[in-house]
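You will see chain A twice below: alongside chain B first, and alongside chain C after that.
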Partner chain A sequence: MKIIGILICLLLCSGCWDMKEINQLAIVNLGAADKDPETGRITAYYQVINPSALTNKQSGAAKAAVYTFKFEDFSLGRFTRQTTTIMPRSLFMPHMQALILSERYAKQGITDMINFVELSPDRRTNVIFLIAGSPIETIINSFSPLERMPGRYIRSLINLSGQGFETGYEPIRIKDLAKGMYRKKPMVIPIVSYTSSEPAKDTNRLEDIDIRKKTFLFVGGAVFRHGRMVGRLNFDEKQRYFLLNKNLTNYIETLTVNGDYVDVEASHIRVRRKFNASGLTYRIRATLRIVNNQQTTPVTRGNIRDIEDKFNRQFEAESQAFVRMAANKDWDLLGIQDRGIRDWKHVKVTFKVESDMSAIGNTTGPHTFERGN
Partner chain B sequence: MGIGERTVGEIKQQLGKSPDFVCQSAPLRDDDRVHCIYLASIVICEQIDELILKPILEAYAAGRNEGFSKPAAPEALSSLVPIANKTIAAGTAAAVKKLLDGQCVLVAEHAPGFLSCDVAKGDYRSITEPKTESSIRGPREGFVEDIEVNMALIRKRLKSPNLIFESFVIGSETATNVCMAYMGNIANEGIVNEFRKRLDAIQTDSVLESAYIEEWIQDKTLSPFPQLISTERPDGIVAKLLEGHVAVLIDGTPMALAGPITFFQLFSSPEDYYQRADIATLLRWLRMFAFVLSIFVPSLYIAIVSYHQELLPTPLLISIAAQREEVPFPAVVEALIMFITFEILREAGLRMPRIAGQAISVVGALVVGQAAVEAGFVSASMVIVVSLTAISNYISPTYSFGIAQRIVQFVFMLMAGVMGLFGLMCGVFMLFIHLVSIRSFGAHYMAPLAPLMLSDLKDTLVRVPRKLMTRLPQETKAKKNAR
Partner chain C sequence: MEQARISGWQMFTVTFYFTAGTTWIVLTSQMIGDAKQYAWLVCIGAFVYGLALALLWLYLSHHFPGKSLVEIAVEALGKWAGGVIALFYILFFIQIASWVTRNLGDFLHASMMPQTPLAFFNIMVLFTCAYAVVKGAAAIAMVTELLTPYLTLAYWVPVLVTLRQWDWQNFHESHIASVWTTVVHTRYAFAFPFMETVSLMMLFPYVRNRLKTSYLLGILASGVILSLSLLCNIGILGVNRSSHLIYPVFVLFREMQFTSFLEHLETILAINVLFIVCLKLSILFYCAVLAICQLFKIEKRHFVAYPLIWVISAYSLLFRNIVENVEWVRDYLFSYYTLYAIFFPLLLLIGAWVKKTRLHGLPQAD
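This part shows the complex of A and B:
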């Protein structure tokens, strides 16, 4: 009986050893890392949530919703231990929204980081991955407006931009990177930048109405080949990359029709790729909707056909320009090599675009008062 | 000294010279007398005077008695007494029993045996609405403490010659009347025999409430779950009888027992059958959901807050973390403090004089709710968890099932507190093992899910319209299938 009693007590105690109360945790909302190419030393930043500042009731409490902890060491595995030297709570990573790496770290290769994240059972591999377009210390030490946690701010931006994607999100999670690392096709990861050279270090920044002065900004994408950053794409190139690789199904294109601007939203974009003797053929179908029409003439059936033709031609032209840019930079952005074609640069890529206008807005004829007078 | 006087002396001796023992000796003629004995506290004295003594004395005075020339005998006396419920018997012990049943015993001076006449007081409360099982739609009558009234309430609803009552007297001291009821053409013989056997086997000095009987005849003693339905609604008992169950009525209590039962019957209420099938089904689901809430909400809260914070969405995690910033106790201790305090308040609310109830409610609400949160002893989320759980506990139609829920809930809380979700899962498995191991008079407690009885599901997980309920439940192994 005594032995059974002791065993039960031991069983219960072994359970309690694992206990970590919620208020003993340093909940990391945003992580960042930089690696010195000369020394190889890694600087890790943990942006930890201050829960009491995030509740409305405790007005007397500290206003800062997050605090950034900075550590430096030569190996990634040593940081958890190092945090105990300064952090009064245990590091809790599962709620990390995003991981930002400096550009110089990315250029040295991020395989070590992917391995580290994938190895740890309590780290989530659906954390999104970003590259810093500004000094990483500026980004990680800045408060954000509207969303009081910068991690959540960045995540919300990414979620919004992911609405046009077929899967509902941009394929930029660490697990997407791990999967794409083995392909010849480079991956494109968003670059997050900061609009000011000075970080918004204190909460007084939240009193400033001009958001653009100091805020996060997405500027194009970083091209990764086999886990190493090899270059940059601008916003339009990044969009074209995702369109031609069947990830993006919705975007807005500006056309010039009869000398005036017409903005159309292309949705339900279906991309079919076919390799044949003459090369690679893309068949693209899209549904169009006019979102802005500056033409002075009413929209007629002929005009709709003009818009559709213009869209088809422009899409083709921009895509061809994208293919040429990729070949010049030696980036197989269409993933032709993954189909077993080594001489991918000489594969002729043709685009056949078809579009249908489905909606032209509430009015067919524009208001022309100013021009008429 | 005649036989009668000796018998009276012996009876008086056996009753311990009780102060309410009355013996009136009435002279008949010459030296012949009749002794009229009774316990004044439990009989109607006027009836003894008017219906027993007066006719006898008048008959003897007028010389109309058939045995006028012979000494008075019980048979002769019986013909003079205009009371329907009367018996002639012999023996001191039998006489004592009759006296204790509220009967008047007439002992003739020179003849053996005695005549007993029923003049018992019927001082019972009137039939009122059941307090523990009130209903919106449906009969308002509830059982009372008198077994005969209760039998009448059943008979009134079930005018069938197949309704059988079997009587038992249980308790060496209390000699309580217990009555087993079943439908002869529906109830399974085996189940009826098992009830009979278990009731016969009860060896106890007293039966004061149905719980005494329930504990004696239930299958598994070490289980928090009720294995017999206890109800004070006659309509509920009649419904059970019609499905082939056996009911047990106990004198002195308004609670009747019925069995065998299954776990899922604890979620159904007689009212389910008095309203539309769809509404009844939704309400049944609500009760099942409340059961799940009451046993899992506190334990899940503890497990997640103490061990598995990664399961929470980030905004909720931050909200809970902010609330728990100043709380000095681990979640499991906090939960135990709150639940024990709540149980104390609930128990105090039940026991205390009604006039003080309001004061306790105010103190309870302020102390357990507002003040505890403001003082930082407990978090607001814990108060929500406790309130939700407490309300969910009360939704059970069977009170004893609500208590079982509370016990399971405490066990789960402790297991979640020491081992997190792993502990909770262990608890769930143990609960399932326990539930499938229970039998109620041979019926599987988890039927119709384990073992699966598809046709019984129509009145378990859902309540199908009455037109579709053409068959009796298989679990009661009724003699007939169709309703």
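This part shows the complex of A and C:
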């Protein structure tokens, strides 16, 4: 009797309703969307993995690792149903690596997208979020070099760039936007563009050694305030934003010392912010390591002190320039208003930078043969 | 009747998981929504209140050693009046069991299996719990004891990993209107789960040793853990986001990312929720079955347990959706639970005193 009972229970445990058979899934690797500001119609793109192209055993199979499906509708909730008109498999979103939105969509506000992703049990809020710096059709219809799936390519790039961040990854997920939406401090989301005006629609187009002609490229960041894109930052400004907001703890700075270039890697950057009567004071400590030295003089204690001083002054000057830029554009990029200070533009921001050189590389100084002769 | 023996440690784990049960899944969002960044302080207030009530119940139990709640009711107020109170408690246990079943069904339905019918979750879980009930209190206590180390590690290790995302700014984002208004709005936290622990009086006769210590420490530990869990949700997800989500703890696990090799641990959490809720449900189910058996002098528990599956399952579908459930908890739960957690125990105490006074007043027989 017991065995029969257990068998009945096991049969019922098969979960017929929510069963997902892997061979019946259209696994989305990369998603993208665009919204027409005039009609409000949304165009959604799903880049779906073609499993047969990813297996090495099968010869003569289709080469394309992914296929892009395009749909158009007026409301986000209608797309899953619409996919059944063309996709022979069920749309499966949990493995999506990144979501790219067009710049014009971002400028109209992305709250609808955040709400939709957060509400759905099939979608994940820790998916990487990007803004398209090129036409979205070009980006979503292009194959990528080195990685067969563009979604994984983008994810790998983001993972690499995230190594300098305190948490191990950039705060550019949908969850970060959902959290940051309530704050006065704008969020910065990377802009991905494509180096060619023509997409690499088939893998043959990637048969060129100069891959820079047709590839994805990260160019600065899109500034979001309360879920709406309000402007752009260049690569250095984006880096400064993450540095001063305690996200980034590692970066490369190029200094001019005694008239020559010295590249230093600043790591273990510790940022402390303190509000007092005189304004906002940043105390920054960093550990330096020389990664390139083109000076004519050997590295001595005095020279190291010069490099440290130069780094401190340059960091301060660049940070002050960043603060001025933010005030001019009316973006509270340091989040001063979130501390209850309304007149944030008139808060005096001072930087006190201290750095320590911990490593100088394998040489005591550069070779100076050419200059000596 | 069952002659089960439960150790002090087992009683501690049973009290702990009974109190934590569905609370950390169901109440987190609502509490943070009402008390903002002070939700964890409300939880501390609630468990202090729960401890005070627990002292009242222990005091009542002290007057009737070796008796369960239903037996106390009958002995203190007599067969008929006490029987009515016992019937009320049976209804109370069945109701809580139904709500717990519904909470689990809603959780699995909303976050993991949206296509599976709710009734199916209910029946499957209730069958398992009915089996546990038939096996007895000692079996439930042993399973609780066995699962404790795993459940503790499986929850706190991922939460500690997510502490990397802690942001103190989250504690400066929102403001409450006033302390008193906040306390009034969050009165449900005082009821659920701390007033529910009166149910554990059904297990008191089985506890071999250290009843008071294990019971009070169980409530204290779960209160502290619930407060810490709320604190972590606020620090990691933020006030606005936590109150916006129905199951913030689930989302915390879902969004957890430790470099790129440890992520998406929500399934582990869902299984753990299933374990914890099954433990709470088994205890409540057992209380209901035992109360019926004791009141109506039924010897075999399975005669009551298996038919009760259908009653609890049907009752759990009374709420049409999760919104109705949440509104019921917010608006009526505190008043409703006051009847069972304060009014009836006080009535039983008065009954005990009157009986004692009468006995003292009677002329001593030579």
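As a convention for this text, the second predicted complex is superposed on the first by the 357 of 373 C-alpha atoms of A that agree within 3 Å, B and C clash if a C-alpha of one lies under 4 Å from a C-alpha of the other, contacts with A are read in each partner's own complex, and residues count from 1 in each chain.
Just so we're on the same page, a residue touches a chain if its C-beta (ideal position, glycine included) is under 8 Å from a C-beta of that chain, and two chains touch if they have at least 3 such contacts.
As the structure is a computational prediction, the values presented were derived from the model and not from experiment.
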**Asked** On chain A, do chain B and chain C fit together or clash when superposed?
**Response** fit
**Message:** Touch test for A:N159: chain B only (first), chain C only (second), both, or neither?
**Reply:** second
**Asked** So, A:F224: does it touch chain B (first), chain C (second), both, or neither?
**Response** neither
**Request:** Name the contact category of A:D18: first (chain B only), second (chain C only), both, or neither.
**Result:** both
**Asked** Just chain B (first), just chain C (second), both, or neither: which does A:R173 touch?
**Response** second
**Item:** Superposition-derived angle with apex at the Cα centre of chain A and sides reaching chain B and chain C, degrees in steps of 10
**Value:** 50
**Message:** Tell me the contact category for A:P121 with respect to chain B and chain C: first, second, both or neither.
**Reply:** second
**Item:** chain B versus chain C as contact partner of A:Y182, first or second or both or neither
**Value:** second
**Item:** Where chain B and chain C come nearest after superposition, their Cα distance in Å
**Value:** 6
**Message:** Quick check on my understanding: which residues of chain A belong to both its chain B contact set and its chain C contact set?
**Reply:** 12, 15, 18, 94, 124
**Prompt:** Taking the complex as given, what residues does chain A use to touch chain C?
**Reply:** 9, 12-13, 15, 17-18, 94, 118, 121, 124-126, 159, 166-169, 173, 175, 178-179, 182-183, 335, 338-340
**Item:** chain B - residues contacting chain A, complex
**Value:** 305-307, 309-310, 314, 317-325, 327, 330-331, 418-420, 422-423
**Request:** Can you check the complex and tell me which residues of chain C touch chain A?
**Result:** 110-117, 120, 124, 127, 164-165, 169, 172-173, 237-238, 240-241, 244-245, 251, 254-255, 257-260, 263-264
**Contact footprint of chain B on chain A as seen in their complex** = 11-12, 15-16, 18-23, 25, 27, 29, 49, 51-52, 54-55, 58, 92, 94-95, 97, 122, 124, 152
